[in-house]
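Okay, got some structures for you below.
Two complexes are shown next, each including subunit A; its partner changes from subunit B in the first to subunit C in the second.
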Partner chain A sequence: MKSDSSKNKITEILISAPTLSWLTVFFLIPTIMAIIMALRPSNPYGDLLPGWTLENFKTIFSPIYISVVWRTIWVSILSTIICLLFSVPVGYYMARLSEKFRKIILFLVIVPFWTNFLIRIFAWKLILNPDGLIHKTFVFLGIIPSGGSLIYNTGTVILVIIYTYLPFAILPIFAAAERFDFKLLEAARDLGATRWLAFLHIFIPNISKGLMAAAAMVLIPCLGSYVIPDLVGGTNSQMVGNLIANQAFVARNIPMAAAWSTLLMAMILLPLGLILCVKILLDKNKD
Partner chain B sequence: MRKLFYLLLAASLILVLLSCSPQKRKLYIYNWSDYMNPDLMSEFEKRFNCTIITDYFDSNEAMYAKLRVADGSYDIIVPSSYMAAVMNHEKLLSKLDLSKFSNARNMDLSYSAKTEDPHMEYSIPYAISFTGLGYNRKRLGDPIENSWNAFGNPAYFHKITMLNDMREAIGSALKYLGYSLNSIDDKQLQEAKIQMLKWKKNIAAYQTDEAKSSLAYNILYAIECYNGDIIMMQEDNPDLDFVIPKEGTSIGVDTLVIPSNAPNPDLAYEFVNFIYEPENCANNMEYIGYLCPDKPALSLLDKEFISKITISEELFSKSEVIRDLGYGNEKYVSIWEEILASSD
Partner chain C sequence: MMNDFLIFENISKKFGKQQVINNVTFPVSKGEVFSLLGPSGCGKTTLLRICAGLEEPDNGRVILDGKDITDFSPNKRQVNTVFQNYALFPHMTVRDNIAFGPRTAGWNNKKIASEVHFFLELIQMSEHKNKYPHQLSGGQRQRIAIARALINRPLVLLLDEPLAALDLKLRQRMLIELDTIHDQIGTTFLFVTHDQSEAMSISDKIAVMNKGVIEQIGTPAQIYEAPTTSFVAAFIGDTNFFEGTVSEMINSEISRIAPSDFPEITVYNDKHLSIGTKVYLSIRPEKLNIAKTQPNTDKLINIFKGTVEDIIYLGSMTKFWVTTQNYKLSIIKQHSSFLLDEEPIRWKDEVWISWNPEHGYLLDQYAETDENLLTIPT
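Moving on, here comes the complex of A and B:
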């Protein structure tokens, strides 16, 4: 018995070794390097100076940046929620489709990845153009004034973020829904649950792992957004990613950029830790 | 089938051997994209039996960061004057031996005079740009307000952008207020910040390259940009126009420099001399759409084109070149981030 479990442990370690070393080389070491870099002083020529400082971290917590950090958080969370709201029904219906149609829909979900991400963002500028149909319809319906613009505001940033990351939410939810036994829903209905109640109490808990994965897949890249607010955002759409770019490319201050990256990392690891805790709790409840 | 395979193998071997033949020298250039006529480069390759290898950068800072870790990889770099000064300060550039450039004698040094290197000690002016307002005449109806205060004009509400470049953007506010765009006076910078915050409420965004496509798509009617941008865009859209605000502007002086650790400095000198041959220089100006202050080359160009790439004496005297401010830079960074982060 004992030798069996130790054998299992060795296999476990061997199997996870490639992933672990990958994560160490490309995630753990760079993360530690960024944190160390954030503690270094520097001069305006981009040279690192000897010694250590907490000045960079003091700067990022100064009150002028609160609005940017807060915007980064709420834009990311709102985008994630909307992505999930869209992808749950999509995943549900995709899983119920016949093999043939499912493949077609799956193909359609993946097809945007064939086009470069930047080109797709530029396409939005054409779609929302003031000479375009959408803009004209909105003006006709009185949603926006005729001189108004659909581009250069935070709403458009959220729209484009949702568009970009929606497939990342659909795929894990679909994968979870595909494994779901839809007979359970029928059983719930037989036992008197309404369609909505059955969906909420049977389907949703059963795809919870997919939901968690989808939330992480959307939230994490959202928090690091840089290109989208840069391209379609207005004067009040800056996110933490833009501050990092400004420090690295304009101010020549790599330690400051590293301090912002560290904050971003903390913002990402915190919800990830939460998701992990919830997952562990859920698993425990099942036992 | 097998024959074909061996034939291909032999051919590729010959190619490999040819490409490493010792006689063929290599010239490594680090440049902005689309910033040198490729025909000229291939002519140089033919004339001097060499190969030119070009790498591209999209910001002075990115180029600088790379050079610091890859010093010794380039023979010629095209930094803006302030960055050339930083590189010189960090001892990355070689002192130029002007006796080796027969063609540099006729350079108009009035632009260099506004930079940190007035006597071409380590940099040679390559392309001069002027910051101003590019706009769509048809969409605006009238010519645009000839002032930096156009950013605050309610007629252009959310249809105008400022450059996403702290020195250019804050510089235009400083110019509007009548100050130097290299000011490090706290009071003046504070006033500029207040002016910027006023403009911020009226403009659509701070954008550099992306604004150009928005102007082309009619999403924007006016953008802060460089004169060469509009010259290039006018080819597709004759409704576009460019104006330099009456308060004066920032003059960009991009320069050619030879790093101190250039692998092939002799060839670099040959190349610089070649590029400043009057016909080549004129040809290159037409290609990139920016002024090179080489007098004999300018005499080869037609008046209309010259008027597009130069500015009036009066504006010239009011305009300045952005300089590196050393520790003063930090003042701009903190003001810029405060402006970006502020919400009304």
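Moving on, here comes the complex of A and C:
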């Protein structure tokens, strides 16, 4: 038994070797390079100066940027939650559909990917434009004041983020729901549970892996998003991604950009680590 | 009526164009084990689901303990189901699975703990209470499913082929266990199976189903000894069919019938069918005697000569197929004496077949296709 399991370990390492080297080359090394870069001083012309400094990190945590960091976090979390709230019922009903309709809906979920991401974001600009039909209708109905705007604010950023990442949430949840044995819901009903309780206590825990995958698929790109706030957000909806772009392309302060990137990395790895911990705990509970 | 605890009344159900349940009516008495027995696809599960509220009948009513529960949702009915593949909750331990119903019903923790303990003991699974379903064997899962349903103290326990997923030995053991649990708890069992031996051994009453209708309801012995239709006769055990017309009334209960291509047969005609009536006779293989010498002739006993075509020795009994005239009769000889002392019957031997008129049974209904259910169609 023992030699068998150690053999398995070796096989496991061999099998994961390509993935590991890929991650090392394209993830670990760049991350370390970014951290090193963040510790370098520079002058206003964008030249790197000799020596090391913690100035860049101090700047990050200065009060003027706190609001951007905070916005990045809450916009991402809120968008992720809304995406999940939409995706769970969608995934549930998709899994219950007949083979034919399921394929049609699956196709509809995937079809936005056929158009370039930037073009789709620009489409939103047109749709929500003050000269657009939606804006005019909303003004006419009194939903927004005539001087108001549907675009260039944080709400719009959230809307477009949800629009963009919803398919990424639906797919893993649907995959989990498709594997779910719907007889279990009948069993729960038979044992006295209402529809809602059966859904909550039986369906949700059994698609938890899909939920976590969906959360990661939305949250991580959300935290790093900069195109969406850049195009449909206003000056008050900047996110960390915008700061990085700004430092790199406008201020030409590469160490500053690296410092922001390091922070972003930490913000992504933190929830990811949390999700992993929960996953491991859940798996442990099972065995 | 007093005893009619659960009543299915004129239940009909269609799926698309297919009439799955066709105007079914039957009562189940309190505390009994009532089996729905029939081939796969005859509508047993559908009927059970209608009782559980998981399927809505197009027509008819379900009455439980005097209450019409037809329109109750599943969680409002005092019935619980042991599902065909158990449908245990994979993310819950054995204990949590069993406690699911009580927790949903909002029992207090102390009562839940003591009841869960009681049922874990009853099914002898206490030591596995913290395991997950995937860590259990088929028989253990089945016991959890039974406990999970019974803990809610249902008025009726519905069991959908609870043993079908188990291997033969385990199936027989679980059958005895089920019987024991029934004796201890006393709950009414509505038991669905396609396996006639299962139904025979556990049931107080059996309803034999075929294509969405109930063909016969009775005790296992009634169903076996006095089948009213060719389907029941052929589906439960093996039998021999004869078709003929009543030709002579010997006395008020004994008649002779004349099959078209077989000598006259003396039958027990307690239904007083008159001369000329077309009748169908069913005789179980073990009711036929087979002998190498001519048995004592009594005028009323049917005696025919035939040739042995096939012999299957099964230890406790031997099966023979004997041709007489154009008929191939199936005969079972039980071995109650030491076989090696007798002169054996061999292939192609001339033998005498005989049976008492009382051992045959006249059917009310006959369909030729039912002969396909026999081991060797006549």
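By definition in this document, the second predicted complex is superposed on the first by the 286 of 287 C-alpha atoms of A that agree within 3 Å, B and C clash if a C-alpha of one lies under 4 Å from a C-alpha of the other, contacts with A are read in each partner's own complex, and residues count from 1 in each chain.
As a convention for this text, a contact is a pair of C-beta atoms (placed from the backbone, for glycine too) under 8 Å apart; a residue touches a chain by one contact, two chains touch by 3 or more.
Just so you know, these numbers come straight off a predicted model, no measurement behind them.
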Subunit C versus subunit B on the shared subunit A, clash or fit after superposition: fit
Subunit B versus subunit C as contact partner of A:Pro205, first or second or both or neither: second
Subunit B versus subunit C as contact partner of A:Phe249, first or second or both or neither: first
Subunit B versus subunit C as contact partner of A:Lys100, first or second or both or neither: neither
Touched partner set for A:Asn129, first subunit B, second subunit C, both or neither: first
Subunit B versus subunit C as contact partner of A:Asp181, first or second or both or neither: second
More subunit A residues in contact - subunit B or subunit C: B
First, second, both or neither for A:Ala193, with subunit B first and subunit C second: second
Angle at subunit A between subunit B and subunit C, C-alpha centres, nearest 10 degrees: 150
Overlay on chain A, subunit C to subunit B nearest C-alpha distance, Å: 47
Of all residues in subunit A, those that touch subunit C in their complex: 181, 183-184, 186-194, 197, 201-202, 205-206, 208, 286
Subunit A partner contacts - residues on subunit B that touch it in the complex: 59, 61-62, 64-65, 68, 86, 89-90, 157-159, 164-166, 200-201, 203-207, 210, 213-214, 217-219, 324-327, 329-330, 333, 336-338, 340-344
Contacting residues of subunit A [partner subunit B, same complex]: 43-46, 64-65, 67-68, 122, 125-126, 128-131, 147-149, 151-152, 230-231, 233-238, 242-243, 246-253
Residues of subunit C touching subunit A in the complex: 52-54, 73-75, 79-81, 83, 85, 87-91, 100-101, 104-105, 132, 134, 148-149, 152
